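Chain lettering (A, B, C and D) follows the sequence in which the chains are written, and residue indices restart at 1 in each chain.
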């Protein structure tokens, strides 16, 4: 996910003790995600959107060093003077940096040095967190932001690792496949849920953490609409593939059609056909496509083409949020990174057809909304405010989190965003009409 | 302008006689625009967005041949079997075609052959229009569409010709400069007009012609907002230039900032500084910048950066249309192609500060709205319906027409669209807050 | 041909009268070659190697203006101050210039202006030539160079015009096809001519004009070798095509094989198959391939692959020149531009098998020699000397002239040069072993 | 070095025992070179010419598996069925393969797996070598070729590792710098050695191993020439830099000049200036430039420009070989990979001025000769013969080996070859006139 940063509302203040605990938990989770990797896996960058895991490990650490240690610990001495150049992502206000496309050309610093960097920063951060009560309120605010930022990179780690391992013809597994085979019961039919039109209020208004792009809360008008109560499945999407959907320009946006032809797309990312059977590359190696599970790793173009083929459409982000609030999802049903399943899961055959399922977790859902500023949105001053605004062009909003998202990281107002051609995230489709 | 096509509502039907008259007027205007050109000028394509004038002359003709003569005149024999391949723009359903980037590599057919093609099609069309009463209603509908389509290409001709002539260091004039120098009185200060928030209805609902992307009419909610009563001037924009606006990343969207640096943009397109004075290339050759006139030939990125620098913002297309309807513009005040001025004009110093000026004509106004389908939008079947939908991604809506737009072609619901980096159209800025 | 320039040996001095006569003849021939073109044809640049004919007309004129009028006529006033920027080809010492790839984006100056430029310079040049006797010897030397330079551009005009007209699907003819169909007698079998090995002297030594790259004359050693007495024919090359030569990597140089696959080459440039018959685009439009005529419009890669397939090889330039001198060719037998045939011609069936044919004219013959400086080669000082040396890398030598070469322009020591991938010149194959 | 392969002449046969010994020595040396690397260093590919060390380790192994074990051991079972796809370099006859540019995107197989692959193949090879006496003569021939091939990759390993480590701003050292600082005595002045002209015989004729491109031996004629008795030093080259050599087009070949401007070259590769002092990145980290040592890491364009600036020239490969034979170099004086210095060394101040120094080892010497086939050269059949011929275009010959070359690998007839723009090898300059 393109990482967005914003000052936490003051109301998000938590006690110093719980912040320290949370710091430790989040930081350990990042290392835990990298634990199954070889040093070799942590260096490469097979496409520009993917960053080497070593880079994620260091960049998230650089954030704490730059935004907190250098700001709030007067005698802090940086771990290495060149690391700011190496591990700044895109902050113009923080100086020059390695070109994004060149992240995979750097074998050094070694993985072990990056872990030393993490330990060094963690030690200093924990000391600083120990006396957080003496620090200005902004310290806790930015610290929470650093943790949310690291959680965003955890999601990227999961999807980048998948892409990295997928490029080898050896189809190596990140983790061994579960011993119990996935259930193969068909998904229950999709049901339509109705939402009456009117003026609704959307955007974040609570007293927890949110990113600046979720604000200001504001009114919006929608007409009556209906939404499907589950995600589109692999089995449904396969019908589109088999009906020649990838070969019929009529379903596609123009720029999408050019891309499909240029890249010879025939199916979602990671799909391949072997002797008549469809397989997908997964975190557990090559696996047969589970027809009941939600389709994922599709671009906006494919989501939109599928909807056109089906005579339906994608929801707007306003519709999605209104429906999400109405059907009051909690995260108890969804698949998140903590499950270690690393794949969206089929809806139970006996799921309640009057409820809306899979809203949080499983797949990020492409909406038919450009990623623009909400009315009343304001860029903060300084490096932290540099960043959300500058991505608000040529991208689309996705909602709901995925099986790679930390459960504590998602909420119905969360706005993720990607360019229409991206497929390496766990992206999926929910239909509207 | 990227050309969008849609079936005319049946209510747009005009009498056969007036349609014939209109056909002749529109077709003659296209030739009239090309009259000052040399054959050499009609062939080149100095950048991919620009088409050679010869191509415009033929493509608009191909539209009538393909959509009308071949459909409604059973014994029609095409002028030349290869012209469909040469002059199809982007209609996948109508077969393969010359790559857009290669339009400027074709010296043949000769300009004279293209005029013969126009005469041949005009003769057949006029004969067919003479018996329009016997033809199905769809004939008049599609004919009107063909004329609107040709008017869109007239605007492109004006801007493409400007770009073509600009690439030569000789700065040749399309037309001699007017003998009376432009008035140099300063523009009146911009005044703020207030629009109260609420649910409004937008989109085309009349009984005249509209494009399909102006429909379906629908409700939308806006909060209270204010709009400036005139366009931003060259003088105002120059302050941004002189304040270092093109060198400060903080005002720019990320993709815009990359572009500014890669292309070394320092000012609007066509501006150049000579011994301390700013000049602009115009249809009348190189001319000093008139500080009271609206700034034009700027990308969305520049419009947005200017607004950020000024601490303001661009209006959404909903806001623009609501304001436009409220202030009830007619076209009597604006500058259109018929004026043969080919440049947006300064607002009169005594213009009424309580009215909204320059809404129609002068400059297309960038809005902060992605070009997406309206709720209820439907693609038509067949080639005519292929086209609007497929451009609804990664572009922004512009409103209001320009000094290159035919006066009869514009209306407050009209949605033009371009990518955020485009500058060769007469694009400008109106501020909101 | 990439144009090379060098001071003429003083011995090439001709009388002022004959120089004037020659000036007029060469200049008129350039205009004569452009006479069948439309203004539209003179502007476009369908690939980077091709220059618009308008550019050739002006560039050759700029040469006389820059190298002679500005140097030898003290009060000379340039025709237009921007033309030096527009029509300098690649002379770094003469200032900045239009990018080569952008020559086809300039519609102005108009063709008529370029002819006015020619007339202006011709008038001044003729006046200057009228008093050449009073001028330093270098005047006549550089004037002769300017004429040779213009002849080189005449050859480029012929091949560039062919390429320009070929890009249109209309396959327009530069000139009407001859009314008498070409003879279709088969070519006589190729015979081998033997040349004994030893130390030979090559390079230009006469008292006429030569380019600097033909010098210094020097000794070279060759082993015994044999050369075919005629060029490879279309019929022979077609056997290679039909044997799958374009699909078998074994015959190809690595960089050539990559190119063949990337560009999907299946046959020489300008060939196309229609209902089982091979046609070629020619100056007379689309014509059936004459199997007895020499194959042409092939790259070095194709020439080399053909030779490998045939179990033979291409001659070196040393071998070619030694053979050419031994068999004492004159130009009486060859096809040159003056024939207005614009295609290499079949060898007469009764041609003497003990003689070497088609050495001068018809096709430039690819040699297996890199274009490097001869021993003792010296760059001249100033702009005229800037140029031959700088092309002496990554190109191959071609010998013998072609059907687009002026007859008075060629000689056995003449070294033409192109990159291995170029095909738009009249290039052919002579085999050795 | 682009690796060339050719059948060894039968005369190169060595006893089975010594071949086994040699096999073990060469294979161990490859692993030894990689020993200082981290796994991270073995994966990346910072430019297309560089291969990841892991790839070199595997590719050289694949050669033995494919050319020997699969051919001569009937029951041989390949280590892994996908490795042929992963580790084939460019052999079309051996099937499809990973794109060269994508070698650095593959984290798997792991480095440990590649070492397992090496052990597996070594075990089988040693068993096979144990019974070499029973095998056809071709076995020993191809085995020797495999070892020579591996030595070529050892040289590439040394230079690729240098490039890989150089891309990090941390300037990590491959090995610790020697504790004794390099001598800083100036180099002795270059002396000219004279070689009389005449017909000489060049090319390999002995009974040891050679590559096919060193044959056939043949006569060649050279005129009298002189050669400098040592390589150009850093101090001499610095004069060119300081004289503005990189900013004056007059010294450069056209394609070289374009490159210098596009890439902003200012000095040899790996040079950087810090507070007025020149440093070079080396295998021992960043070190001051030793002015007495030979200049290295320069392209042909720089070598040629330097020679032009000095009013001299580069020797041809014929001149180089004739001189090398005349001055009868042995390898005792040169710097080779076994020295573990990884840098060309200054000539001793008291070196004999009548002798020719640094001919073998230290730096590959750019010659002014295109890499073409010798007269009588023949491609072998099958994969082994596929390869030398196909590189014989657009490259230049280098002679003499370098400080990264195994001492047993070089000889005066050895022809190395690179494109004119390459700088990451240990390339240097010897002047002629």
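As a working rule, a residue touches a chain if its C-beta (ideal position, glycine included) is under 8 Å from a C-beta of that chain, and two chains touch if they have at least 3 such contacts.
Quick caveat: nothing in here was measured; it's all calculated off a predicted structure.
Between chain A and chain C, the centres computed from C-alpha atoms are 60 Å apart. Chain A and chain B have CA centres that are 38 Å apart.
Mean C-alpha positions place chain A and chain D at a centre distance of 47 Å.
The set of chain A residues touching two or more other chains is empty. Arrangement of the chains shown, judged by which pairs touch: one closed cycle in which each chain has exactly two touching partners.
All chain pairs that touch, listed by label, are A-B, A-D, B-C, C-D. Only residues 90, 92-93, 199, 218-221, 223, 249-250, 252-257, 300-301, 368-370, 372-373, 375, 386, 389-394, 420 of chain C touch chain D when the two sit together in their complex. Those residues of chain A that touch chain D in the complex are listed here as 38-46, 54, 80, 82, 85-86, 102, 104-111, 164-165, 167-170, 172.
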